[in-house]
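The two complexes that follow have chain A in common; it is paired with chain B in the first and with chain C in the second.
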Partner chain A sequence: METCTKVTKEWLNTQEYREKNFAREKLVINPAKACQPLGALLCALGIEASLPFVHGSQGCAAYFRSTLSRHYREPVAAVSDSMTEDSAVFGGQSNLIEGLKNANALYSPKVIAMFTSCMAEVIGDDINAYLGNAKEQEAIPKDLPVALANTPSFKGSHITGYDTMLKGLIECLATPRQEDKINNRLYVVPGFDTYTANLREYKRLLKVMDAPYTLLPDQSDVLDAPNLGTYELYPGGTPITEMNDALNAASFLFAQTYSTPTTRKYLASMEVPVEVISMPIGVEKTDKFIEAVAKFTGKDVPEEITIERGRSIDAMTDSHQYIHGKKFALFGDPDVLIGVVSFLLEMGGEPVHIVCTNSTPLFKKAMESMLAASPYGQTATLYAGKDLWHLRSLLVTEPVDMLIGDSHGKWAARDADIPLVRIGFPITDRVNLHRYPIVGYSGVINMITMIVNTFLEEKDRTSTDPYFEMMR
Partner chain B sequence: MFTNLTKLDLKDKQCMSDAGAPKLCMKALPGEGAERSCAYDGARVVLMPITDVAHLVHGPIACAGNSWDNRGARSSGSQLYRRGLTTDIMENDVIYGGEIKLKESILEIAARHEPKAIFVYATCVSSLIGDDVDKVCREAEAELTIPVIAVNCPGFLGDKNIGNRIAGEVLFERVIGTGDGPDEKIPLSINLIGEYNIAGDLWGVIPDLKNLGITLQTAITGDAKFDDLRSAHRASLNVLICSKSLTNLVRKMEICYGIPFIEGSFYGIHDTSETLIHIAKALNDLDLLERTLVYVQKREDETRKTIAGYRKLLENKQAILFTGGVKTWSMVSTLAELGINILAGGTQNSTPEDFHRMKELMDPSAQIIEDTSSAGFLKIIAEKKPDLIVAGGKTKYLAHKTRTPFLDINHGRKLPYAGYQGMVTFAETLTRTVLSPVWGLLKQEFPPKEGEQDD
Partner chain C sequence: MSTRETVDFRKQVVEDVLEIYPEKAKKNRRQHIAVKDSECASCAVKSNAKTVPGIMTARGCAYAGAKGVVWGPVKDVVHISHGPVGCGYYSWGNRRNLADGEIGVDNFVPFLFTSDFQESDIIYGGDKKLEKIIDEVVGLFPNAKGVSVLSECPVGLIGDDIESVARRMSEKIELPVIPVRCEGFRGISQSLGHHIANDAIRDHLLGKGPAREIGPYDIGIIGDYNIGGDAWASKKILEEMGLKVVNIWTGDSTLEMLQNGHLVKLNLIHCFRSMNYIAKHMEETYGTPWIEFNFFGPTKIKESILKIAAQFDDYIMEKALKVIEKYAAPMQKVIDTYRPRLEGKSVMLYVGGLRPRHIVGAYEDLGMEVIGTGYEFAHNEDYEKTIPALKEGTLIYDDVTALELEEFVKKLKPDLVGSGIKEKYVFEKMGLPFRQMHSWDYSGPYHGYEGFPIFARDMDMAINSPTWKSIKAPWTK
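And now, the complex of A and B:
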């Protein structure tokens, strides 16, 4: 490798460096993904009285809790069995058994959601066998459900960890499907979704549409808990009884594609009807959600929904001129990216750079065909498996008007001198964004508000007197 | 290849029998909770503030992904230290080993990011799969013109404290005294050990040192430049201000370079003055001591005058204190300065010495928090019903649910609290926290009980 004598900021902004940067293979700079166990933890928090339990080194759990806490500004409960060097030699069984015993005694959960971090996976701990031994030794009651998920951080990302834990929870809690006991409910799975308001929005829409439903998992009351003067360890989540009956669901509807394949496959193998749609971001994708629910209920779409849709479209017409023709760069998780890009195309916005670290071949195909089908998608390139340092090179060599992504994008946006609109996870430097839905028709209005007002704010702060106007 | 733990001065310490004393044992209780971070995190805390070097994490995404740019340690110059660099170990690396990947990553960083040195952090995974981080660093260093320094701190070694000490070893072995510059002592110069410039704390102390004619050789490691750290052995005195996490380092510097050390704290008026006076005494310069005595009196008077208004508002408030390190005891006198009584105090990440010092300073009626888990913390809030809680960010949102005003004094904060200037900021922030109108709103019954509507 040649050595470079002077690395200047200017040089980092050149096409020459961009090429060298994109030739980089081994090193990751400013990563835009989280790890499997973090996703598993988020999933586990969405079940009633469920205690997330990390089988691995102690630092992992502390990191996940702090990352989630900083995003939601809420306490996050989780325990760890704190494996140490001797566990590496002798295996993690004794930690696991003692951990289960202590966790149950201290926190009385209705279910323990156990997932692994790297250490346990590298040494090859068999958590299923260990759990059997724990119950055998009466460390915990035999009837205390313990869901299992293998989620090493050196595989997949937070969205696959979420998926694996979800499958584990259903496997553990649901009774076998019986054709004569099919319930009338639509089980809606939001996927790895860090907007508590999205979850509430799903519930509201399902209620308006008179669909008997279960949201699975549901962290809305856990990670956006009211302040009532006392701390509740288990303030909400999908009821255990509805978890027990999950395999008897009339149908499952998945509102995300790429964070749910393992669970869908499992349900299909249990002969549960499964439907999957894109995350309902933007009008077209929300329509698909509404249609799927209407198909399930067999009822007409209520007028209330039609009116709501009309208001969103009205908001789009009021503000299309601020987005049409603007150039965007985006980064984030596959499902959110498909949704936000779809929304931008509806508004005539032009995505130029799309960076997805945890991309999959299926996602790439879906994104590229969506872009190809729109006149506004012609200039876009999807960069699969790239990081935020690649993104920085893209922004400084091929400038755009706005970056959309989570808080980690603020360095790249600053270097490129463009605004960052925060959509994704984690958002650690702005308040309350997770309390505004980005899904559904109301999500459309919220996204317009965020994007357009950011542009207008920029204009006001940078325009000279002759161009400073009361009307924008 | 693992760090020999006996070297770290841990094994000779027994776990204390005192209730509530921090556990220096290497094992956390499985299943208890997950407040405690790991050795890897402890090493990162100490080394990451070094600004003009690259910090490369040889691990899976969890380790760097959750820790890059997460500490609020500020830099007046290079921002390179905040770049999130990792080899992002994946399944194939676990199977085939990650040494080649690591070496290429080191060379890439050296070529394109202009670091003064590269620190390479081992993690649970890299250690368990047998990657020889030391060897790779040596090989890479041979091809480069900068130091490539292995930090063997896999998380499974235990608590944060252990990682702190490993980092101290690394600084002593690989950084301090390794420069090309002169070795002779600089008169009236000090190192501030354990000052990480969180929220700019260091910058609140530097003006006072300057005014007294004391030269800061370097902080270890807040806002530190690599070359200044290499010359840290030229200081005449080490001032240890994050208590014992780097005791091993100052002891070794004393033996090897003849630099004496004292302990101190820059939190609060009393401790700031005391520390400045101790520094002057330890530097053994009568003129400096005289200057200092006059200076601290003047600064104390000024500061007390400035905070008098805040003190009036905070006087007789009841607090719970729960923190770590030097703040364990230093915050006791800082709160007393504002007329605040401590109902209960506790610590998790401190040394036995810190703990005892806290105990001695607190009013005998104050309770020691014995159960340091979330559950124990909540119990004590319910029992004591304090007016405010002063603690680290991990308990912030928990405290909020109990409707208790909360001030974060650990790395989650955004404002500097060190030195005389920091005391003013602290008093001001604490007042705003305690007197926020939101607490009143939270305590209002809604809907109002009958007969109370017209209140």
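And now, the complex of A and C:
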């Protein structure tokens, strides 16, 4: 028995196992993706006094809330209409109506963000019609906005749900675009972003650049709320008035590509000017963000930003030697991967394995052309649609120096005896990382700090006496 | 306040809080809340009923009860979350049911296996995909002792026949393949998921293992999920008593332990709510007796040790008395250290199906008082067992809603709240010490003699943390 265990354990690390593992067609093991409604919930939390409402089983709501709370270490409010077996037979309308009535009475939201989970989708509930009936029956006031999103878990992933809910919220809250009422603001959409500090960083940069802006959605004060001795259910978010005026935006700037296509398409159809950039991770991508904002304001980039950029470049040159030539494996969402890989290439780091479970053809093309254009990207392979058990095989057969990804990567990193630097979602086993931006020039400095100090920590931990040195 | 005044005050609190509801919801919720009042025989708590839609319940679903609680900790079985990716993803690595074994070889606890349903699977059904998945599992994990199939909502709604897939594949791979019909829409909480999971063990595994001689002191632990190593801490006491723990259900459990659960002299049941079904079944079918026990805090541990030992002979009783004696001094030292810091502090609890009553004694050992308690998914018999253990005037709430709990806490002003992750940060924002009592807040174990010093330290740490003192800025009024 003992030998058998040992033999299998060793076999897991072989090339033969890797091939067998990559040959699987249907079984998914440790995927780096969650389902749509989680993203919808995150999106909904970023609007002022918005109450997320799950039309479906209550278990779904419990899972989304727990998962988000574990990452942010913050309260996450959401209700569900607790559909059960009889709803499967008769449909979920009576639950939806009663749920709306109670939720409104208890929580007095300014908007209810309703999204579906599997059950409602499979039985084909028509939430739009049900909502009409709820208002007809005066379960909620006729003028209470209720945004709708169909977010089945068997399509797309959490980033799709974010996008669908965002479109639903704008559709519900914004008044039609009127050419004589165009406001002067740049509406910046962060995308599925689980760093409250990223959102604060966007706002700081926009302020420094003197750009009138609306961050949409904005969870920074909701999911990084102060402890002032009282619990606030609605501690922040994009103001409703600015939501109302969203279609009159001077322009929209999307700071993520792959978590926003539906919303962009919708806005374009409403004749709202839309620009999309890569998530501003690393110097080049941040430059693009700054340029896009400068183009919008029509003003020169303030010197303060140039100096800030210079400080991040200084940090890069100071510590390039610790990253140059190092081999990396990464996994995560498409937008974050494009950004972090771009940053590594700027540092002379060599990405080797890139696993993206929720990849898309457009993302694959973008990633592969970015890698092909860099001398440091030549050894990299993008594994589209693969999971973390595939990643484990890659790490043990083609070793790298570091893994970058969320907390779920800790087993694969341990098996490969390499450090895991936590970037992504969810991070449930380290504190405060969401309070440090990975976007912007300060994000560059933070990522260098995390990656380089982890390497140096490893070096100190494993050095023998003569090589245990004061300077690194 | 006199006891009578306390009872009346808390009853008034309940009435005030219920005012937040529309009429229908109010009528429903009133039945689920009571104040312990010996002068009021009819003050019972309704339980195990549908949650009111729209009110922010903490409850989960049948899948969470079956996969998350009962099946997930069985380490040498590959558990397939059958359906879309979410349910499996959210229950992956989020319960601290520790297991000892080679990860990926004979321990699959830290894994998520999913059939990752796509739209085509909803349209055409997932049975063929499931067959292929089971084949792939066996190819990649040759040491797995079996496969469980945990159904998510869509599977039941589209009419897949996982039972016949399981039958066919079990014959083909010559291993147990266990279909578990735990779709999230079944029942009204996690509770039905526990029951369904128990039934699956009964129908597919129990009594089908390799035969084994039953030793005179062989016992099983039922309903300990080894959160933070709890089951190991309990096992230590039992083995020091001279008993032999041959099965644990299902913390750090194996398939064979499930097959042989009845082959013991006595089953000790810890979480009655989630595992009473199978314990009763083993008694009725195989004559295996069971008793409940409680290893939280020295008083209850002592009571339980004596109760368990009384089921055996003088040899065990003699050893049991020695165990009690051995730990008396170290436990007294824990009490001497922490009781002065915790004496008179009050606690409100809201947990799953066991701890709202089981852990009361451990708080009392520290001089603390439980002034409010309630369950997410208990049944009537759980409340019947709870109420006698509580002081007069204790507030009891079933499936308490987020807003009710906030309001109750604001009015009753406990020194500590013990509940789950969804509640934790609400109360901490209110400046209230809090401990997660499902996951032990990533600490533990809390069971047994090993657990009590950790429990005492953690409660002290929460209540007396200097961080609470910094909340108010010096310049604010």
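By definition in this document, the second predicted complex is superposed on the first by the 465 of 472 C-alpha atoms of A that agree within 3 Å, B and C clash if a C-alpha of one lies under 4 Å from a C-alpha of the other, contacts with A are read in each partner's own complex, and residues count from 1 in each chain.
To be clear about the criterion, contacts are C-beta pairs under 8 Å (C-beta built on N, C-alpha and C of every residue); 3 or more make two chains touch, one makes a residue touch a chain.
The shown structure was predicted, so the numbers you read here are calculated from the model rather than taken from an experiment.
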| item | value |
| --- | --- |
| Joint occupancy of chain A by chain B and chain C, clash or fit | clash |
| Touching partner for A:Val54 - first (chain B), second (chain C), both, neither | first |
| Contacts of A:Lys20 with chain B and chain C, given as first, second, both or neither | both |
| Touched partner set for A:Arg73, first chain B, second chain C, both or neither | both |
| First (chain B), second (chain C), both or neither touched by A:Lys9 | second |
| Chain B versus chain C as contact partner of A:Met83, first or second or both or neither | both |
| Partner chain(s) touched by A:Ala103 [first = chain B, second = chain C, both, neither] | both |
| Where chain A meets both chain C and chain B, residue numbers | 4, 17, 20-21, 24-31, 33-35, 37-38, 53, 56-60, 62-67, 69, 73-75, 77-85, 87-88, 95-96, 98-103, 106-107, 117-119, 122-123, 152-155, 157, 225, 227, 229-232, 389, 411 |
| Residue ranges of chain B in contact with chain A within the complex | 2, 26-41, 56, 60-68, 70, 82-91, 93-94, 100-102, 104-105, 107-114, 123-125, 128-129, 154-159, 373-375, 378, 393-394, 397-398, 400-403, 442 |
| Chain A to chain C touching residues, read off their complex | 4-5, 8-9, 12, 17, 20-21, 24-31, 33-38, 53, 56-60, 62-67, 69-70, 73-85, 87-88, 95-96, 98-103, 105-107, 117-119, 122-123, 152-155, 157, 225, 227-232, 389, 407-408, 411, 415, 428 |
| Chain C residues touching chain A - in the complex, by the definition given at the top | 20-22, 24-25, 50-64, 83-87, 89-94, 102-106, 110-119, 121-122, 129, 132-133, 136-137, 139-140, 142-143, 152-154, 156-158, 184-188, 190, 401-403, 406, 420-422, 424-431, 471-472 |
| In the complex, chain A residues that touch chain B | 1-4, 6-7, 17, 20-21, 24-31, 33-35, 37-38, 53-54, 56-67, 69, 73-75, 77-85, 87-88, 95-96, 98-104, 106-107, 117-119, 122-123, 152-155, 157, 225, 227, 229-232, 388-389, 411 |
